[in-house]
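My questions all concern the structure below.
Chain lettering (A, B, C and D) follows the sequence in which the chains are written, and residue indices restart at 1 in each chain.
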C-alpha cells in the first residue's frame, strides 16, 4: 500500500510492475489516471498549478487507503498525485488497485478517487487564455460521489 | 499556535502561515475563524463566507465546533479540488 | 475504438499512449488488466491455454464496444485479449476507456469486462499440478455481473 | 453447411469442424443439436446436456429456437470463460 506525491510525471506500467513484482496470486489490476483537460467551463486553459498541504496530504491519503483496505480484499494499492505546474494532456493522478477479484478492484479504485477528490488537501488554479489565474471551484457532484459510499 | 492558509484563503490573507495567540474565549475552530476575520480587511475578505472554509487541526479534518485546545497547527482552506 | 487479439504480451502504458496520442481533451483513463492466478479452486495450476473463435471473437468484442459507446460518453476504448498458452502472473486481457468524466470511464470499463466475460467466445483450459487439463467452468457470478447492466 | 466446435465440445466430438447436410425437418439450431447428438457416441457425449451448449450462427449468438435456414456457419461451444 503506497502513497506518493511528486512534481514529476510517472509511468503507469512501471508503477503496476512494482506493485505486482513477481506475484502470481493477483487476478485483477485496475488503474485510474486523471489528465489535465484543455478546457474549463467551456474556455481554454493554458496550464494548471496544483497546490497541496505537505504532510496532511500524505496522512489523509493514507487514511483513505486504509479505509479502502478495510472495505475490499486488496492485494496492493497505489495513490500517486502530482503537484506544481501542469499543462493540458499531462497526467495529474494515478490510482492502482490489485485484487483477486475484478469487482473489488474496480470498486476500490473508484472509492479511492471519490474520497481523494473531496478529502485530500489539493487545490487547482488554472490559467485562462488571457493569463489570469482562477481557482477551481469544488464540484457538488464530487461530494455526491463520495456520499454514496456511506 | 501556528496557523496555516492554503489556496485562495492564503492569497486573500497575503501570507501562508503565522503564529497567533487568541484570547481564552476563543475555544473552537469556528471561534478562531471569527477572531481572525475581525482582525483586518484581508482576513475579513478571506473568511467572508465562513461556511465554505475547511479546517484541519494537526493535519486532520475537523468541524468548526471542534475545540482548539492543545492544537499545534491549525489550517484554513477552501473545499479541495485535487484528483 | 480498438479491438485486438494476439498471443503475445502487451504494455499498458504503450497502449494508453497510443489511444491518447497528443489529445488534450481527455479527463479520465481507466484500465483493467486480468492476470493468470496461480490457483484454481484451491489447487495450484501450471499454466492455462486460451482457445478462441477467430472472427466471431473480434466481431463480438466490436459489438460489446459499440454498446458501451452508446451508453457512455467515451473518447476512446481498447479491448485487447491474448490467446494461447499463459503461465501464472501473465496478463490475459486489457480494457482501456477514455472519457471526459471519471465515472463514465469506470462504468464503461466494468461493463466491457462483464460483457466480455459472458459473451466473447474464449475458453480457458488449465493444467493442474499433475499435468491433467481441466476446462474452466463458467461462473454464475459472471452472468449476474452482466445481468445488472439491464 | 459448415459446423464448428470449440473447447470441450470440440474435444468430445473429436474434430474442430465438418460439413453436414441435415434433413429438411431440421429447422432450428436446437433441432440441429438433436440431430447431431443422435449420430454417434462422441456426438452424444458432446451434447449430453444440450441446455448448456451455446450456439452461434454466422458468428452471432443465437437461441436454440433460431432457424438455421441460410446459415453458412454454425458453431457449438460451452459457456464462455474469457477475460
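What we mean here is this: contacts are C-beta pairs under 8 Å (C-beta built on N, C-alpha and C of every residue); 3 or more make two chains touch, one makes a residue touch a chain.
Note that the structure is a prediction, hence the values are computed from the model and not measured.
Separating the centre of subunit A from that of subunit B, both taken as means of CA atoms, is a distance of 26 Å.
Distance between subunit C and subunit D, defined via averaged C-alpha coordinates, is recorded as 26 Å. With each centre defined as the average position of its C-alpha atoms, the distance from subunit B to subunit D rounds to 72 Å.
In terms of their C-alpha centroids, the spacing between subunit B and subunit C amounts to 49 Å.
Subunit C has residues 34, 102, 113 in contact with two or more other chains. Contacts between chains trace an open chain of neighbours here, each touching only the next in line. A complete list of chain pairs in contact reads A-B, A-C, C-D. By the touch rule above, subunit B contacts subunit A in their complex via residues 4, 6-8, 56, 59-61, 75, 77-83.
Those residues of subunit C whose C-beta lies close enough to touch subunit A in the complex are 11-14, 16, 20, 22-39, 88-89, 100, 102-103, 105-106, 109-110, 113, 145. For subunit C in complex with subunit D, the touching residues are 34, 50-53, 55-56, 59-60, 81, 92-93, 113, 116-125, 135-139, 142.
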